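Please find the structures below.
Presented sequentially are two complexes of subunit A, the first with subunit B as partner and the second with subunit C.
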Partner chain A sequence: MTTTSTVAKVGPSPERPAETNVRRSPRRIDPTYYWMVVPVLALFAFFITLPALVGVFFSLTNYAGYGEWTFIGFANYVNIFKDPAILQSYIFTFVFALTTTVVVNIVALAIALGLNAKIKWRTGIRTVFFIPMVLSALVVSFVFNYLFSNTLPVLAERFGVTPLATSILANESLAWLAIVLVTVWQAAPGATIIYLAGLQSVPAEVYDAADLDGAGSFRQFLSLTLPLILGYLVINVILGFKGFLGTYEIIVGLTGGGPGMATQSVAMRIFSGFTGGDYSYQMANAVIYFLITLLISVIQLRLIQRRGVSL
Partner chain B sequence: MLPSRRSLFRVAGLAGVAALIPLSGCAGNAGQQNGVTTLRFMQNKPEVVNYFDQVIKDFEALNPDIRVIQDFNEGNFVPGLVRNDPPDVVTRGFAKATADFVKKGIFADLSDLPAASTIDPEMQELISSWGQYNGNEVSALPFSLAAAGVIYNRDIFDANGVAVPTTWDEFVAACETFKTAGITPIYGTFKDSWTLAQGMFDYVSGGSLDSAEFFTRINAKGADISAEAAESFTTNFGPALPQMLQLVSYSQNGASSKNYADGNAAFAKGQAAMYLQGPWALSQLVSANKDIRVGTFPLPVTNNPEETKARVNVDMALSITRNTPNMAAARRFVGYLLEPSVVNTYNEKNAAFSPLKDAPPVTNPQISGLDESVRKARYYQGAGTYFPPSVPLHNYIQSFVYSKNGDQFLAALDDEWRRVAERTAV
Partner chain C sequence: MTASLLPQRRTRVLTKRPSGREGFKINWWLTALMLVASLTVLLPLYFTVAMALKSPDQIGTGTGLAWPNPMNWENFAAAYVATNFPRAFMSTAFVTVFSVLGSLACSSLVAYAIARNWNHRFFRGSFVYLLSAMFIPFPVIILPLIKQTALLGLDNPAGVVFLHVLGGISFNALLYIAFVRSIPAELEESARMDGATTWQVFRKVIFPLLAPMNATVGIFAFLGSWNDFLLPQMMIADPALQTLPVVQMLFQGEFNTNYSLAFASYLMAMAPTLVVYILAQRWVLSGVMRGAVK
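Right, the complex of A and B next:
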């Protein structure tokens, strides 16, 4: 039972051969399956699980990343809870992830509805909308950085829009909106693809029936489309939220965590431990963050199972 | 004939195994071969690779038994330490991070190297003031000293009849003159927060209080520091903040959306009279406008010209890693690097100051204005360089410049300092 389910993730169409094997000799499992799983498992353990465990181990020490170290128990963890700068990065990250998830899904659903309709040049327009997805986030954010810092202020000055005359990136209370905007621009195409797949899975007959019943297009969307693609919405929300919690490169490219401390994400704080001689402290931060994301994932998985959707 | 499904699986499995094989490859180390010792030399300035290539060529010609490989990717240093395979000879900018390596005993003692006695003791003190391993070891020898002050456009100064200011009042008067003439006094690049730290913050704090002494005191105090303590940032930096904000107020509108590259381009085009940057900006200015005539003067922060000091940093300090198997060869190479012809030429070419006692006076007009300060040892290392990298000081400074809330700024520094002291002391 366990083997079949593990193999299911790797093999191209594993269900059928596995069943025939089981029927032929109930005990024997083709060793090829092990050859396929074990190397991947070994690579995963060596490159991901093992370093993670090493990180957990060092979070209990005062290791700077090099040199001597001693065990200090849970002192790093205690100190993190007393550090307002770390707390602020958590608040920023969660507010950012929540906002971005909401905006991305609204934008992506709107685009998907438009692209699913029978409009002219549909294929061409689809391609245009998907371009942001193939660009590197860092490149995108450097381009936007230039737009926000140079192009936009010059335009604003020419047209007399004084509030925009200095870069939005230099404004401590607004800089995070710029990050949301760029993240949405970059992440919406991915969500749109998933929504398009969902919309195409809705049979045309239900709309024909609704037309006969005299339902308007808004009513159709609310009572038919939305419930029928709800599974896709859940997937988008979960994948998106998880991704936005780890946000890093777009912030680095746009504000570098500034102005001041306004846009420091948790991932940035953790990464600063590598350069800052603060390795064990930020490792403790990483462990805490891992536990939080684990908790969120478990809750989300429960939600998915209740809705009968599978990722 | 199509291969059976099972054999396809087998191939896939083998491919997975093959992916593991390269992991066990590549090991072993060169070091010594046919009587030739190979030294790895890691230097921290990618822009001077060519100079050191030439130096290495000359050195190898004189020492056929040594081969030197240059590595200019400083990012490899810490991973090298972690792997226990660091380079043999290193140059690093000497500040807090390198001082931490010294404390951990990463570097060998160089005090008995003949070249060590040729170095200006005041400049050696810039390194040893950070703390010496075992209390007396010399873990690094200065190779290049960068001195920073106010870069000024000589043409704009001449056109407005402004002389180089030697007191704070003269400096403010000069700024006002430019302002009245419709010229931006100081070009600000606040978007890159490090430029605020190295300019405004370091210049004013370094000129008005003894940063080395301050950080020795606050370090000695350790974790039990409060904002009211005599050693705190609040107590010591408070008086300097209004002057910092005054400097900020002489910047152009929209300085908060300009970065370092913007600043270099704009200053080179003559869009401001002064620029709070170090010698590293000079080559950028000249490459943006080859006709620009610039000079540098130390920022006067008080009204006593005798007290005016320049901000310096040991831009390159030479060290040998303690566990190198090629100690003798490494010492010969370091000795060669500190020969006057090598070290003085380097500093002349790179708008920097030589650490040797009998170095010739600097004639480069771009930095000659700082020569007197350096020769009389009227200098300080920037306060910003004393901070552990885990304190996001630059962000705090930027925050202070935008909010103008000095109390909050200093309280945050006191807090951060205490927290780092707490967790590194345990």
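Right, the complex of A and C next:
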């Protein structure tokens, strides 16, 4: 507005330096700016912050999701640490997230290197590799569900691979690998994009110099490319790990948490509080889950700050 | 800083790379390897199409990988009726359209106000507060949230829109703020000289300049809400208003063995985003890239 700009110019006394004038901001802020922010802030507080606080509150009670309740202090938290089913879900979730993070990053980096090299039909190949990104994870899991439980056993029988002749989704110790595989299929493109951005930030001159020094392509990758894109790797590892900890849809589509409770993730456990009558107990579980992801976020910020990568 | 990445790369490929390394030679071995690797994406898709075109008899006890002969197009008609496709489609389209519009409007407004008043405590504080959402995973708030939205009568697609917009606002605002800062203030000054109010400046000057970021935010919002399963499944109480991904649960019953119907329906659920992606491939990828480099 014209008025504010004139006030800003006329307002401060001549001896005051221009810089403090800006920082101390004696000028009035156009109320329009408040109208742009405040309604969104109010909705945000109501739909995101309020439920979080309500959740923390009820985690200290014995509320079952209906009826009456009383405060029981930290009893829910104490019980969670003694609950083998919850511990099992945390172990599964962490092992799954860790494995998936490693595999996704290896696959994504390989694809990114391939797409960044001199290959024919680059645009077409790139289009194909990014398709999983636009598909619904749930529907994709349903398709893979059939592949794992019908197609793979028939093929295995035909070729005499007996261990795979029964569905791996029904196998308590193998089912999680199927979940890893589909998650990698779905999540690799996202990580590939970040790696591609990283690879393109490496100036071509660096490689020219390495060529002159006679470094082979593998050597170039280890001593040049990898250190130069380390920041992108850190981002991918941490974003990926945090995301995979909350895995839900793909498990619903593949195993539904089974066989037994072998592939039940923490998120699935928490959601069961909605129907299972242990609302407050699962809220305590959610608070613990939140603290864990918060810890990871703090580590993330530290690492990113040190590496000087912005995200 | 956020100029389109694809052209940038193309120039580099054409000018710099060949001068240094093995000249213009194309790496055919790597091309072959990448083609084989791309089968990991194409095979499941081929399989979905093949299954969708089979009759239950053709599926039988085989692998499902063979191409059906003759093809059964009537599966699609049956799936269309079984899932009440038009209604699920409209519901999903409603959630997606309003989530995209809401994300674009809310995030850009908030980002503009914050970026232009960065020296002011209130706006800096709002920014930090909005960022807090990035540290709160949905599973943490979902149980109280569902009770709250049900209480307010928002246990429907409209409620899902609210959550999509607000849940994405921290990431989207972050993208926009960096972009707004790169817009020189002089552009606004001249409009203000001509007597434009802050609203007009935003609408006529800033928002059009945000176009590349609008594309990025729009693509993320579109994919995120079209494919979302968690929030619609948990929030929408009336099954008749359920979205496309959630409707696919229909075929997961214990007694359902009609796979041809199921796969026809899966394919219909996948088709909209797949078609949009393939048609606007270059545009989508450059938009997503911009989000990744941020």
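Observations, loosely collected:
In the analysis below, the second predicted complex is superposed on the first by the 278 of 311 C-alpha atoms of A that agree within 3 Å, B and C clash if a C-alpha of one lies under 4 Å from a C-alpha of the other, contacts with A are read in each partner's own complex, and residues count from 1 in each chain.
One rule holds in what follows: a contact is a pair of C-beta atoms (placed from the backbone, for glycine too) under 8 Å apart; a residue touches a chain by one contact, two chains touch by 3 or more.
Bear in mind that the values here come from a model prediction, so they are computed numbers and not experimental data.
When the two complexes are overlaid on their common chain A, residue A:G258 makes contact with subunit B while staying clear of subunit C.
Of the two partner chains placed around the shared chain by superposition, neither subunit B nor subunit C is touched by A:V103. In the superposition on chain A, contact of A:L228 is made with neither subunit B nor subunit C. Once the two complexes are laid over each other on the shared chain, residue contacts for A:N150 go to subunit B and to subunit C alike.
By the touch criterion defined above, A:N79 reaches subunit B but does not reach subunit C.
Look at A:G273: by the touch rule set out above, it reaches both subunit B and subunit C.
Contacts of A:V40 after superposition: both subunit B and subunit C are touched. In the superposition on chain A, A:L239 makes contact with neither subunit B nor subunit C.
The larger set of touched subunit A residues comes from C, when the choice is between subunit B and subunit C. Once chain A of one complex is fitted onto chain A of the other, the partner contacts of A:T32 extend to both subunit B and subunit C.
Overlap of the subunit B and subunit C contact sets on subunit A: residues 30, 32-34, 36, 40, 43, 150, 273. Taken together, the subunit C residues at the contact with subunit A in this complex read 5, 8-9, 12-13, 16-17, 19-22, 25-28, 30-31, 33-35, 37-38, 40-42, 44-45, 47-48, 51, 61-65, 106, 109-110, 112-114, 116-117, 119-120, 122-123, 126, 129-130, 132-146, 148, 162-163, 166-167, 169, 189, 192-193, 195, 197-199, 202, 223, 226-227, 229-230, 234, 244-246, 248, 251-252, 259, 262-263, 266, 269-270, 273-274, 276-278, 281-282, 284-285, 288-289, 292-294. The touching residues of subunit A, when paired with subunit B in their complex, are 11, 17, 30, 32-36, 38-40, 42-43, 46, 62, 64-68, 72, 75-76, 79, 82-85, 148-150, 153, 165-167, 169-170, 172, 256-262, 264, 272-273, 275-278, 281.
Across the complex, subunit A meets subunit C through its residues 1-2, 5, 22-23, 25, 29-30, 32-34, 36-37, 40-41, 43-44, 47-52, 54-55, 58, 111, 114-115, 117-121, 123, 125-140, 142-144, 146-147, 150-151, 154-155, 185, 193-194, 196-197, 200, 204-205, 207-208, 211, 242, 245-246, 248-249, 252, 266-267, 270-271, 273-274, 279, 282-283, 286-287, 289-290, 293-294, 297, 310-311.
Interface residues of subunit B, counted against subunit A in their complex, comprise 5-6, 9-10, 12-14, 16-17, 19-20, 23, 78, 81-82, 97, 100-101, 104-106, 190-191, 193, 253-254, 256-259, 262, 388-390, 392, 395-396, 398-399, 402-403, 415-416, 419-420, 422-424, 426.
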